[in-house]
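Two complexes follow with subunit A in common, the first pairing it with subunit B and the second with subunit C.
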Partner chain A sequence: MNNADSNRALLEGAQKRWLTIGVAGALLCAAGGFMNAEQFFRSYLFGFMFWFNLTLGCLAGVMTHNLTGGDWGIATRRQLEAGMRVLPLMALLFLPILFGVPKIYEWANPEHVAHSAILQQKAGYLNQSFFGIRAFVYFSIWLTLANLLYKWSGELERNPSLAIVRRMENLSGPGILIFFLTSTLAAFDWVMSLEPHWYSTIYGLLFIVGQGLAMLAFMIAVTTWLSNRGALSEAVGTKNFHDLGKLMHGFVVLWTYGSFSQFLIIWSANLPEETIWYAHRIAGGWKLIAIGLAVFHFLVPFFLLLIRNNKMKSNILVKIAGLILFMRFVDLYWFISPAFNTNGLGLHWLDLAAPVGIGGLWLATFYGQLRKRSLAPLPDPFAEAEQAMERA
Partner chain B sequence: MASVAHSAPETHAPDEVVHPLIAPGNSYKSITEKISNVILSGKTPRVWFFWFGIAFLFVNILGLSATVLLLIGTGIWGITIPIGWGFAIINFVWWIGIGHAGTLISAVLLLLNQKWRTSINRFAETMTIFAVMCAGMFPLLHTGRPWLAAYWLMPYPSTMGVWPQFRSPLIWDVFAVSTYLTISAVFWIVGLIPDFAALRERATSRFGKVTYGMLAMGWRGSARHWHHYEIAYLLLAGLSTPLVVSVHSIVSFDFAVSVIPGWHTTIFPPYFVAGAIYAGFAMVLTLGIPMRKVWKLEDFITMRHIDCMAKVMLATGLFVAYGYGMEAFMGYYSANTYEGFMMINRMTGPYWWSYWSLIFFNVLIPQLLWFRSIRANIPALFWISMSINIGMWLERFVIVVTSLHRDFLPSSWGMYYPTVWDWGLFAGTIGFFLFMMLLFIRVAPIISIAEVRGLFAETRHGHGKKHGAEEVAA
Partner chain C sequence: MSTHQTTTSSLHGMMAEFASAEELLDAARRTRGAGYRNVDAYSPFPVHGMDEALALPKSPVPLFVLIGALAGTALGFGLEYWVSVIEYPIMVGGKPFFSWPAFVPVAYETTILLGGLTAAISMLMINGLPMPYHPVFNVERFSHAMTDRFFLCIEATDPKFNREETKKFLEGLHPYQVSEVEE
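On to the complex of A and B.
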């Protein structure tokens, strides 16, 4: 019981620290909002999207683990579930975006629409009320999935049975499918439509891969933090980190594959309506960011993760995970900000305050959720049945 | 991932049967016997001769179609302007896709530590080799003078200073496909060596002993041999893994780098790769289901394998459907006249039947795989796989023909009608594929004896051991 007490104290401490940071960041953002409302909404969208992607990545991680199993998920299951439980906060934090639509999105500006035949044609999809309805539908679906999965894993903990495992599997299969579709459409709605003339069919997938990558990097970070403080069972060790490292390696490659494919296809065809997206993203200082992405989002982590030792030692792996989390910020910034700053880098202090503020609130909620249940791995009735049979 | 569960856990739901990867009641000896008896028993089932005869007939059709093609030229095909790419590219992509299951199973699943790959990997790798051969015939034959193909396709420093266009994915195809064939073949042959040695020991005829003896390349099964073998196998798996993705991504670039609506879309690379794996697993099941029955290999290709393959098909199939969905959505969302027209034309134009049959065969029918009972139903799985084989061919037909036949200018629209020689060549390659597969089953072990024995050792002695191969080599 002593261990449980010390865990609670540890998580409570973390929760308080992050809450302080979150509230301070939120106050800063509010002050910034009064000074420059337009900039506030732009920065807020960026900050929101990063943490939102992480939340959805956790939801997808839980569902994937229900379907495939695997040691990576046994070590991270509690953290994934806590991450998924931040969804109500994210739904709440989406409201400012809903209010800011006319300030953020070109298609919501009647003047712009009046001058563009294409935007008039798209108005059936890109309009404020439908945008709101869609967001409501997405969040309802995600919240339902997350709540059911969390409820059932609680039942599994109290009373392990194969029937509950099957039930979780049966929801997670269609759940992943629905997640793919809603997550894609949310990426189109909230980010791709910042440049409403532009479109790319791989865009949703790029977001989903980004969510997976952020999730894995965050899981490595938080699992290392917890295990270094003795909060996790001794079962969590080298093997789990090795698996997480391999998965992260795979996702780094997948991110590169998707990003490069989109670039190559658009570059080769050289159609002005498509190349404009890249033109904005290599204009002025953006070019440095683009090169930085190739080097630090791909080359450096790719080669570091090839080395087995780097994946097995959690204290090395966590540094690589930190780099990747940072690069996820940069990548998202490079996706969002050039839509507003088409001529070159336009860094504003709010671009830093927003992700820190939202992140503080996110992490405080996360640690609060993590406190609610034990940190020990979920019972696995399947594995137990199989082991029993093997002994027989 | 235990694999020796024999029956349902009594205290829980009775339908929770976990199927084993190797049927109970086997030993090292019985594994070797059952697999090598397919070749060495001397009893060839009558059904083999039946299908071999049919396949041989189609190999002759292939020969005839190729001969006429070389004598007269590609004018005997249905290609015209504007449909300059017809059956040749459709069939090339179809066959290359089918070849992808082999590499995925042998390389990616090995690295992912998925034990169910053992006992289907040899079969899938063999399929890969022959499918890539079939695929390769089309680009070679479409040059009209295949004996000059190397001169046109391979970059070499000639005095004329003429080079292929390095910016074209078509030349990347040449590199990607030939690399793929080479690595797959090396992987396959390396895997076969210990099995050839097993056959050498068991062969009764002098001819068999000598032939398998030479193919085994002096394999004695010493610890050092196994050590080197395992390293080579792992390295080749690592080398093959990028090839699973690269080949079909480059095939998708053949289309996607152009400016033709219906071809130029960014989802193509991942969607083609998923489609390739989908098609590959469908073909593994199409051939594997009858094979396991005819040669009584149910002990090694168990319901567990079949269930796993069905799940992979469901997942990749859903991704392919996601690709169709993205294309249709962007047809609307882009507000681009040509993109929108392309989608409407696919659905309602002269080739509407091909689009809707594609959706039926490739998207609707495979949804049955959601059900556990269907995944345990062998005849249903056979027909679903057949449906996917057809669906994946239709997918390439839709992409190639409907996108080309009506592009930007209505004055240059046209229709595509494949000729008897198009069909002859296509059917001929199917015959060739079947012919080669049937021959292979008769002369080499279609299931890896060494790996199944290794898996047997592992499951018998617990999970911690990496490979029990060393101790059972003798």
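On to the complex of A and C.
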């Protein structure tokens, strides 16, 4: 069996395994939905947001690499592209949220709006039809970016030319800008508006940093998995993992910086309409989660990633990446769930079933996309383009 | 000029000049392989893999920076605690005297400050800088180490150093030129 055949078998196996988990999880969620529709939509939003963030992180990763270059992106290019190609699935999986708006969001409940002057003022923006239109616009923009970049990188592989590299750069520059804007607005619409009286301007950035962090941790995990099974070229090695580890270290600090900035400003001002967000998130058992975030989303990975060896050895790095992915779940849960459980920790079994079900479908699509192109790392577009120019 | 010194002892070492970073890296590996220990390489930019090729000991600078940075955290936080809680307790905005979230930005800055200073100072000390005189500059072409040339120097303190044999060995690496470095 040659390498291409064994790779295909490996990815097909992974795809089938995750599809089974995804379908089982989806059936469980559907059953849960019939039993308790309200809880279903809340858990579904949480599960959706985690995998959606990872997808957008991959899109941002591709655009960033188009602009900056670097070995980290050459080694993970195929994985990043496959991740960004899950966007159509995420657009499809957004539909249940659209139907669940009245069950999820306070601003869609006419009784609540009737009692709140602020919500009446905000109704011009926070209403069901405009919510749907905005989501449609966001997804159209992201899908356009992802499709064009994927098409062009395919052209680049078949026929390297500087013109294609320039075209990818020219789209990625404004693309990053648009991505920041749309991502921020999506975070406002889909999660921040769970508590419609409250707002924070750094909120979108917190989500974007979370997307980058999830993307890097997932890239380390999947690249280690592929490389341990001999599916990647031997060129992918210590240096790439060292780079990815350093980037993840940077993002851990950035996450802490953003999260603490928001906390410090709200804590300093001490205004009731702002502190309520944190009051809900340290009520009862939530306080333990908040302390856990400081320890396991910052302190532990920060000091572990200070050690050079931990970043260079993929089998150590992948464990830290696993911790970070898990803490991304916890952080997101701490963002979303206290909006519904304001008095303390309230874990429902659907909160586990939804991310597992959506995750199964996500990973099955991811491995399916990964099969479509050779796993060989993308050749350095600049070196390739220069060689092509020399030949001409 | 002292007369009791032998010719070998007035020599700092033997230096070979190379045209590229790859050649320098290869030469460094082969020099280590031939059993030389007191070897140094000079290049206009950091050459990736040179630490391993020369088997240089791990730099202690990161450890010093960690200690300096943690000392900075303790110092900044301690100063704020002492000022706000012990020596000049003033009620601000109805908050407790020990309001740790407000201490974090300053403690963070002193962490960076002491960490950065420790990095710069310990790096200079470990390198023996500032160093007004170094024998390698006696080789006229060594000024090219700043721009476009790569140098490997086997120092005379090396137990295996022998004027004739070391010169012959370096010439065997096909350098651009081999020169003796006067003390």
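The rule is short, and it goes like this: the second predicted complex is superposed on the first by the 381 of 392 C-alpha atoms of A that agree within 3 Å, B and C clash if a C-alpha of one lies under 4 Å from a C-alpha of the other, contacts with A are read in each partner's own complex, and residues count from 1 in each chain.
As a convention for this text, a residue touches a chain if its C-beta (ideal position, glycine included) is under 8 Å from a C-beta of that chain, and two chains touch if they have at least 3 such contacts.
Note that this is a predicted model, so its numbers are computed, not measured.
J.: Sharing subunit A, do subunit B and subunit C clash or fit in the superposition?
T.: clash
J.: Between subunit B (first) and subunit C (second), which, if any, makes contact with A:326: first, second, both or neither?
T.: Touch status of A:326: no partner.
J.: Just checking: does A:264 make contact with subunit B only, subunit C only, both, or neither of them? Give me first, second, both or neither.
T.: A:264: touches subunit B and subunit C.
J.: Touch check for A:130: first (subunit B), second (subunit C), both, or neither?
T.: The answer is neither, since A:130 touches no partner chain.
J.: When the two structures are laid over each other on chain A, which of subunit B and subunit C touches more residues of subunit A?
T.: Of subunit B and subunit C, B contacts more residues of subunit A.
J.: Who does A:99 touch here: subunit B (first), subunit C (second), both, or neither?
T.: So A:99 meets neither subunit B nor subunit C here.
J.: Quick one: is A:349 in contact with subunit B, with subunit C, with both, or with neither? Answer first, second, both or neither.
T.: It touches nothing on subunit B or subunit C.
J.: Looking at the overlay, which bit of subunit B runs into subunit C, 254-262, 416-424 or 452-460?
T.: 452-460
J.: Of all the subunit A residues, which ones make contact with subunit B and with subunit C?
T.: Touching subunit B in the first complex and subunit C in the second, residues 264, 268 of subunit A appear in both lists.
J.: Enumerate the contact residues on subunit C facing subunit A in the complex.
T.: Subunit C reaches subunit A through residues 62, 66, 93-95, 101-102, 104-105.
J.: Which residues of subunit B touch subunit A in their complex?
T.: Spelled out, the residues of subunit B in touch with subunit A are 1-2, 4-7, 9, 12-13, 16, 18, 167, 245, 249, 253, 256-259, 264-270, 318, 322-323, 325-327, 330, 332-336, 370, 462.
J.: Give every residue of subunit A touching subunit C within the complex, in rising order.
T.: So the residues of subunit A touching subunit C come out as 260, 263-264, 267-268, 270, 306, 308.
J.: Would you tell me which residues of subunit A are touching subunit B in their complex?
T.: 69, 118, 121-122, 125, 161-163, 166, 173, 177, 180-181, 184, 188, 199-205, 257-258, 261-262, 264-266, 268-269, 271, 273, 381-383, 385-390
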